[in-house]
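Pasting the structures here.
Common to both upcoming complexes is subunit A, partnered first by subunit B, then by subunit C.
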Partner chain A sequence: MFFHIVMERNMQLHPRHFGRNLRENIVSKLMKDVEGTCSGRHGFVVAITGIENIGKGLIRDGTGFVTFPVKYQCVVFRPFKGEILEAVVTMVNKMGFFAEAGPVQIFVSNHLIPDDMEFQSGDMPNYTTSDGSVKIQKDSEVRLKIIGTRVDATEIFCIGTIKDDFLGVINDPATA
Partner chain B sequence: MSLVTDSPVNSSSSDDFAALLDSALDSASSDSSPVEEAKDDDDVEIESIKRHKVENMGSTEEPDGSTSQVSVTEVLEEESTKQNTCTHPGSFGDMCIICGQRLEQESGVTFGYIHKGLRLNNDEIVRLRSKDMKNLLRHKKLHLVLDLDHTLLNSTQLVHMTPEEEYLKSQTDSLQDVSNGSLFMLENMHMMTKLRPFVRTFLKEASEMYEMHIYTMGDRAYALAMANILDPKREYFGERVISRDDGTQKHQKGLDVVLGQESAVLILDDTENAWTKHKENLILMERYHFFRSSCHQFGFNCKSLSELKSDESETEGALATVLKVLKQIHNNFFDNTSDNLMGRDVRQVLKTLRQEILKDCKIVFSRVFPTKFQAENHQLWKMAEQLGATCSTELDPSVTHVVATDAGTEKSRWAAKEKKFLVHPRWIEATNYLWQKLPEENFSVSVVKNQ
Partner chain C sequence: MSGEEEENAAELKIGDEFLKAKCLMNCEVSLILEHKYEQLRQTSEDPMNQVSQVFEKSLQYVKRFSRYKNPDAVRQVREILSRYQLAEFELCVLGNLCPETVEEAIAMVPSIKTKGRAHDDEAIEKMLNDLSLIKRFE
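Presenting the complex of A and B:
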């Protein structure tokens, strides 16, 4: 799920950035530092959408660096247990398949793939129904349900299932 | 989705959001977010409806007898126990792959080469293997585990190259299109790699009969770089590239990280000692030394192929030979349709085929083993027996070959007198590598002069 939230961060800035462009420098450094990172609490920071305010800078003794407390708005992404997600399949093997939804790695074990789908090996391994109408392979888009999540400092792992109503392939690149 | 418009956007501090998340995660707590609450309510409602239905069923069927009631409760119990006792057959990022529960202790075998954070327990591995076996046999395929260094290719560090090898640096093939070249310089790894002649054809033909894996003692980065050169289109190996980082034992290779039934796996490797537990699956390869540093490493002080500006033969080299053997084994495994395929063992097929080579030979060794050495335990003795020959310590008319390094020994002279073959020990080794009985004349023994 995506959230639009306000977060706060102390930015340390080298004195060379001081001057007319101080504000721009802080913002660009903030974007570089924060976007694309992952925090266990909030999930994955997708983008900074705005700056609420930049507080008074505090000069560090000895170094000349200045610390600014910055409040900013950002869009974060965090998967939840029970959530339905759409993801792109990255790898298919006999254990199941791996999919990605942005930075999130999802594993769907073959226990949680409908029983009528069989694994087919070959140079393009896939799971296919007996009549061949539905096929999951690399780059397929699937709708799945998250049944377990783990958000680390840098990564998000999820366990998913497609063994439920209305889950499974939503767009097959082979037929598209 | 009232949550999004509701609180966090307008709230001034991120702590609010964190608190909200925490409460959302803890579904048991009562004062959770509106969304969670709504969901919980739904769940409760659905559940109560279900319960209601079941109760109804029970009550309507009650007059028929108490047995149905029992069965209903049994079903309920069964369902609940099924949910409670997930066996946790494996984990991904420390979560069970079936129920999504966080697992405290790590168990099972890590399959890091397939995906980071993936682990499987033994029962699951067994299950996957037997499922895989059926699939494999339907496609008439077996597993083949390939070593990289000295088997499919030869690599050297750039710093170890001799002045005589410098000319190679100007002959490297481009890394843009790796599908045709055979000599590559990997600057970022400070390495030069030469593919063994015939390797492209070998991989192409073997891939039709075998599901292939790479298993190398090199590190992960090296393994992937080599896989990329050997298989630029990713049609042969897929994710089945195993490096020493993925093995379960130090300085050993093991089939425990290979998801294939051991009775259907063949191994091609130049180092027998790496596979102590799986010698029966192993086809030993003659080492491919192209660079000087590689020769040097194994104690050969002769000129290397690179210095002589030559190479192994394309059509009669080790890979061409072993491909024939692989075809033969594949044929023998799938050919006789009489008994069931599942019960067959490729190790047995390999053994039988190997024993054909020197079937009618009776070998006597002369001064090949140290005097106090138990002859039966010597490598050559064992090798000869594996090739189907009979070994003996005594001379008698049925003996066909005498193996010696010196034509002057008593047994050698006997062989000359009785018109038996007198061959060098290399004859056995070469036969073992090339899988055919070689002409004995090429391995004659000369008299060593005693001073």
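Presenting the complex of A and C:
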């Protein structure tokens, strides 16, 4: 899910940036530093939408660098265990398939794909029901439930399932 | 980090910070990101090089999965859903997935049926009806 939250960060600035453009310099450095990053607690920072306030700078002894506490609003994407969302299938193999929902990758193991769907190899590997009516392949849109997340310093990775009511393919590129 | 261990969106356990935060539906994110992208395009020649991969992927994703395209409809959806005493998170899941039946809505957002909350099937059905009306008249 996407959220709009307020975050805080201490920005260290070199004295050469001081002057009448100080504020712009802080903001552009903040965008460069923060947008596109990911933390386990807040998820992926997609975009900064506004600056709430920039506090008083504190000069670091010995270096001349100044630290400014900056409060800013941003759009983040944070997946949760138990959340249901839609995703695009990016890769299919006999172990299961990978799907993407925005910046996050979700793996759905073949144990968590309904039992009546069989893996078919070929140049377009896919999972198909025995009557051929439902097919999951690259670029299919699926609705899935996140059942686990793994967080490391710079990435969030999810495990999903489509073995539940109202989950599964919502749009098949072959028939659309 | 102990709170993190037991998070479960189905029971609305998403941590205090996110529970109080403003949730965004895909269609709202799409409006925000498109606006930001447009701004970048006016100030630089090659906007796609300026944005992070996370931004690019998110933009593609929300464009693909936005149920409502027109800004007025997006505002209406939020307005209508906010009449039903939903948590922000529940509101956005419903707005994103647009379930068609009461059963489906409960499967998508199990927390609306938990004890002590005033959502009976009729109220949920009315809510889904209101939603589908916006879609139809968009």
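Convention: the second predicted complex is superposed on the first by the 176 of 176 C-alpha atoms of A that agree within 3 Å, B and C clash if a C-alpha of one lies under 4 Å from a C-alpha of the other, contacts with A are read in each partner's own complex, and residues count from 1 in each chain.
We adopt the following convention: contacts are C-beta pairs under 8 Å (C-beta built on N, C-alpha and C of every residue); 3 or more make two chains touch, one makes a residue touch a chain.
Just so you know, these numbers come straight off a predicted model, no measurement behind them.
> Scan A:G36 for contacts with subunit B and subunit C and give back first, second, both or neither.
After superposition on chain A, A:G36 lies in contact with subunit C alone.
> Counting only touches as set out at the top, which of subunit B and subunit C does A:M91 meet: first, second, both, neither?
First partner only, subunit B.
> Identify the partner contact of A:F3: answer first if only subunit B is touched, second if only subunit C is, both if each is, neither if none is.
Both: A:F3 reaches subunit B and subunit C.
> Let me test your reading of the model: by the given contact rule, A:R78 touches which partner, first (subunit B), second (subunit C), both or neither?
both
> Would you sort A:F65 into first (subunit B), second (subunit C), both or neither based on which partner it touches?
After superposition on chain A, A:F65 lies in contact with neither partner.
> Looking at A:H111 after the superposition, I want to know if it touches subunit B, subunit C, both of them or none. Which is it: first, second, both, neither?
first
> Subunit A residues touched by both subunit B and subunit C?
Shared contact residues on subunit A (touching subunit B in one complex, subunit C in the other): 2-5, 41, 78, 80-82, 146.
> Across the complex, what residues on subunit A touch subunit C?
1-5, 35-38, 40-41, 44-47, 49, 75, 77-78, 80-86, 88, 100-103, 141, 143, 146, 164-166
> Which of the residues in subunit A end up touching subunit B in this complex?
So the residues of subunit A touching subunit B come out as 2-8, 41-42, 52, 71, 73, 78, 80-82, 91, 93-96, 98, 105, 107, 109, 111-112, 119-121, 123, 125, 146-150, 152, 155, 157, 159.
> If we count contacts the way the header does, which residues on subunit B are in touch with subunit A in the complex?
Within the complex, subunit B touches subunit A at residues 4, 8-9, 11-14, 17-18, 21, 24-25, 39, 89-90, 92-102, 111, 114-118, 120, 128, 131-132, 135-136, 139, 211, 234-236, 238-239, 259.
> Looking at the complex, which residues from subunit C come into contact with subunit A?
Result: residues 4, 7-11, 13-14, 17-18, 21-26, 28-29, 32-33, 36, 51-55, 57-58, 61-62, 64-65, 89, 92-93, 96-97, 99, 103-104, 107-108 of subunit C touch subunit A.
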